[in-house]
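Next come the structures, one after another.
Paired with chain B in one complex and with chain C in the other, chain A is shared by the two complexes that follow.
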Partner chain A sequence: MRRRDVLLTAGLGAAALAAPALRPARAQATKTLVIGGSVPLTGAAAETGLNVNNGYITAATYLNDVLGGVEIAGEKYKIELKLFDDASDPARATTLIQRQIDAGTDFFLGSFGSNIVLPTAAITERAKKVMVQTGGGSDAIFTRGFKYSFGMFPRATRQFAAASALFKTLKPTPATYSVIYNNDAFSKTAGEGVKLSCDAAGFKRLDQYELPGKVTDVSSVLASIRANTPDLLVCVVHDQDSLLIARQMVATGTNVKLLFQGLGPQLASYREALGKYSEAVLCSTYWDDSVPYKDPFFGSAKKFHDYYKTKFTRPIAYHVSGAAACIETYVIAMQNAKSLNPEAVREALVAADFDTQYAHIKFTPEGDGEPLSLGGMIGQVQKGKLETVFPEKAKSAEAVYPAPAWDKKA
Partner chain B sequence: MSLIVQTLSDGLVLGGIYALSAVGFSLIFGVLHVINLSHGILVLVGAYLALIVSTALGVDPMLTIPVVMAVLFAFGYVYQRFLIQRAVDRSPLGSMLLTFGVALMLQNVMIWVFSPDMKSITPSYAFASFHLGLVTFDAVRVSALAASLVLLTLLAVLLKYSALGRVIRATAQQTLAAQLCGVNVRHVYALTFGVSAAFAGAAGIVIGIILPFSPNDEALWTMNAFVVVVLGGVGSPAGALLGGLLLGVVNTLTAQYIGPSFPNVTMFLLLVLLLLVRPNGLLGNAFSASR
Partner chain C sequence: MSRRDSRALMIMIACAIVLAFGPAVLPPFYVRVGQLMLYSAGLGVAWAILGGFAGYASFGHAAFIGVGAFTAGIVESQLSLVVPMPYLLPAGLAAGALCCALLSAVIAYPILRLRGTFFAIAMLGVSHVCAEVTNNVDFFQGSMGLNFPPIAPPSVDPANFFYEVYLAGALLVLLVAWQIRRSRFGAGLLSIREDEDTARMLGVPTERYKRQAFVISAVLTGMMGVIYAHSLGYITTDSVYRDDTNLSLIVYSLLGGMGTLFGPVIGAALLVFITQVILARLLDFHLFATGLLLVLLVLLAPGGVSSLLKRRRPT
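On to the complex of A and B.
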């Protein structure tokens, strides 16, 4: 036997001897839990879409790399995310989701924007595949009898309950309000929610203003507000429009006792652009890293935030935490179900009642977030920082009311 | 009474800004017969450049106008000479597809470079206002209007009295005759595109100081430019100004007296009506007289 043949035979023999020992380890490592979906990384919803995407990646990376995978029914799994850019386009998103269903994916994460989540949830529902999402709050998603869709927020018409409860605690109690919203699915429904909650709480509605989807000027709306000034001005519009409204309010001296802007003040870019004028503006906030929940994987919201910072330089937003919670919720539900069968996982999600770093996870029978558990908090910009002013147990500062006039803000 | 005066004033201020944002689109359409679907992205490039330069140098964003216009002029010249002209040579529709494709690509490059987050330019007078009688004026919008009017006047003077303007007009009116007189038509087309891109960039600065912006706003500014040109007429600053002012006033009057969600409805209704009764716009095509 030549020397080369001896080496070859020895090598093959060694490999054959080692094979039985390697095989189980390899099989263990290659078990994957595929979760599909689409996210808007480009197009109109890209700003928040990027936050949602980062949240998904943060959770999956932590579970895979730091914890070495997750154990479900005695087996170790690594999570494989199959997420594609839907370009903020519902038609493209539905095609992407249908393709993944055809390829055998059983579990889905949501995109961002009710206009995308609704048609994609309809597709997963038809295929009896589960979707957990943090990007769609429109009532339409939760009032069509879907059984396989779960959302991390209450439906839009129930999202304003916390804010109107806060308004009732203010002294002197405000009497009147006006509401501004965009002409799109989410914003209009949110506007309806504002009216339902505020009317029920006994505030008198002076006006409602419906803006187009893209806004370049709100001077006429502000002229009307100056002519008929409410105590509370509630804007449930997109973040760019929130900034435009606030800037034009300052410039035209349009003062109200309290300005609430659903989206905008959470963003550092909004607060930087307005500077001192952002002081005392209220907004909804669903999370900050001081929320008091114990997380079975990260430990706490603070530790989640710390890990996020090791992965991304982009400032964290509540959508990041909500998106990470979607994956955690899936894993806990699968562990509780002791199965990867979509039907068993769906039932475990229906019964969900546990903490994550985002919130206490509990869904209504229609699949949206239970308003008390997932109803969020109210933040107010104070000294350039977003402080939680409601609910009582989570608050970091007292609400400032009435807000100083624009020209009195120091 | 004060409400209608306020609404009309707001409309005129907004209209002046629409006019500046559309004049580049109008010039390209009038001279090159190209519908530049990347117009909105050039506007946004101007806004982002102004943000970068004004932040880096700590100067008022309006002072960045010459730098931004110079950069956009150079970009526009190269873009037309080496990309659009080739598409035009092959098929009349080619330029439309090309500019659409470039808009999509540049939008994604912007998202990659600047993130999809909203940005805003905040000059020192961003929150100032003043009153004339019962009417309140937003200082930043009025300064944007003033910049728009100055730039539109400069463009009108350039087209009317300068050698470059004469060559552009000659090429637009009688391309063959201009060629026979020794005009390098391709060079003139590229210069025209450069001038238009420079004005789109200047419009971006003006828009950036009054509105928050993000890469996905590009379609809005292309669409607005298209409507302004159809209303006012093709090829001239005066047409763009008229179309812009009309659009601005219609916008604010509709928002005030019909409803804030209806300006797009009245805007496109007006567009359809004008296309039916006066398809060349209110002032007609500035270069059509001798065609």
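On to the complex of A and C.
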């Protein structure tokens, strides 16, 4: 190689090496706000973990690319996400979080699954770093006295508070209820929440039925319900089981004044499969793009959804919206605190009382979502469409009660 | 005691003393990595008592991690109001170990009649059955999750405290394995691994030895599971009954050296370092990179890293 070639190669190499160092100098006008965390992109929780990750990315790219960054205490910041795959493994998640704390990260987003969120929250708590998460609802997270962890859901046992608040407003007020749940973590926790909320609201529990994980027939349960009929039948089971229960209720003429199915009626496929019989069935809706909240960044849930569709082909789920709201909540809290000091941001989060495209953000003193603000909404199928009937602020129709008997549904 | 045995003992004690000072000099992240290394090493050696020494490769040892952890959690939650905090972990360890001993003793007879792949798959079945039972029987609270009381003294960082507990656990497992390896029982296990039928023909009580190895391996695995559950503070079925743990236990021995005392320790340390330190920052392809590295390591050193070290040693 000639001397000139050597010099040229060396020069280009030096320029290439120096390029990363020059880049921050050009971008000095905009500072960087680092938010760390781990998400389960592989392993058992990956399916929902991907939704959570997409939500984080959607919010950060929108704030950076469309809005050009966010202004906090008179300075412009771009958000830099430092998210790593915890492979649904709590032990791995703890080392990932510890590494980021050692590197000086002050703000954290949560993983998905209470068994991962709790050990990581214990680490951020000890380091006095803030965590806002949308993946852990277990009571254990919010009963340990953590002061730096905030959840986008009410704790599990309070997640039915919104529905029971709606039941209290119905006229004539229902008196009795029965609950059906599957034998798995999600359903059992939800079932406990139903019992706690409804018992506390003064409804008399007639029966509780635990179905196996995979259900093929509920006729014996329905026979028992016909013999001891409650005003409200609450089913906190999975989508396909909700459909099975509703179909067998129609087939066996099992009527109650109101049927609440936690999962199922939200889906168009459920409403199509059940046709006219889906009328007046209630369900929980944590989010859809018609929620009426005014968002300071995206403007509305619809605009958030539209932007999401430009970034991802994966269908949107409420976890996406909740995850994006974690970042929005951070930014609004920082703007309110006029500071990036973790202690000041924590105090602003404690005082949070504002709208995002996901919901009205407000936390309890223990850090979980305030049950009526972040406890989701209640939807009811009316004329084949899902209408929001609770809370008042998000309402698009009045709740129909009592529901017509199956053979009277037009 | 032979010179080789005493050298192995000296190495273990010296390493333990050096490692005990880890939290004093290491940054918190490396303390957590150290915890994982010690946990994995303890599990790897406990697995190797059956899988490495006797050649019965189990693909379901996570069953004992889970049984130990949930037993301890349930017992400790009952005792937490009457037993002082410092005694909760020993009580949980004793309960977890006892339950694992009972379970392994009960299933040993039918399951150890199987060999090779059949034994491995049967153990996977045991792991899944235990997970389902824990998940579906309300008493175990596997689906709702189980809280563990904080046992670290208030003045000590929990990460440092559990590092030392993990170290003690791993050392105990290593000492037990070392004692087995140098005993007549250990020689019997090795003979089972080499040719079980011939060993029995020559008078080795193969059935008894296998059962004993199985129970010891299960008890030590369960005890490591108890420590793990405490360090997390809250577990569900998914936290402890993990198929990736079942797989990792085999990989530790494969990487470090199957049937050796320190092989699983080397393998565990290597794999934890690769996955937690080197590849942890790769968001999308860390599993691909880990798999590729493992394939390369197994191809380049089929006898494990310890075989490479032996090859380099002058004769």
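Annotations
Here is the rule we go by: the second predicted complex is superposed on the first by the 232 of 410 C-alpha atoms of A that agree within 3 Å, B and C clash if a C-alpha of one lies under 4 Å from a C-alpha of the other, contacts with A are read in each partner's own complex, and residues count from 1 in each chain.
One rule holds in what follows: a contact is a pair of C-beta atoms (placed from the backbone, for glycine too) under 8 Å apart; a residue touches a chain by one contact, two chains touch by 3 or more.
Quick caveat, the model's predicted, so the values are computed rather than measured.
Looking at the shared chain after the overlay, A:Ser269 reaches chain B, while chain C stays out of its contact range. Once the two complexes are overlaid on the shared chain, A:Thr134 sits clear of chain B and of chain C alike.
In the superposition on chain A, A:Thr58 makes contact with neither chain B nor chain C. By the document's definition of touching, both partners, chain B and chain C, reach A:Asn183.
In the superposition on chain A, A:Gln382 contacts neither chain B nor chain C.
When the two structures are aligned on the shared chain, A:Leu211 is found in touch with chain B, with no touch to chain C.
Shared-chain residue A:Thr42: touches chain B and chain C both. Touch criterion met: A:Trp406 reaches chain B, while chain C stays clear of it. Residues 41-44, 88, 183 of chain A touch chain B in one complex and chain C in the other. The touching residues of chain B, when paired with chain A in their complex, are 3, 6-7, 10, 14, 107-108, 111, 115-120, 122, 126-129, 136, 138-141, 211-217, 220, 251-252, 255-256, 259-264. Chain A meets chain B in the complex at residues 41-44, 46-47, 49-50, 88, 183, 209-212, 214, 216-221, 223-224, 227, 239-240, 243-244, 247-248, 250-253, 267, 269-270, 273, 275, 277, 314, 406. Those residues of chain C that touch chain A in the complex are listed here as 27-29, 31-33, 36, 39, 135-136, 143-145, 147, 157-159, 228, 232-239, 242, 244, 275-276, 280-281, 283-284, 286-287. Residues of chain A touching chain C in their complex: 41-45, 83-85, 87-92, 94-96, 98-99, 101-102, 113-115, 118-119, 122-123, 126, 138, 140, 183-185, 188-189, 192, 213.
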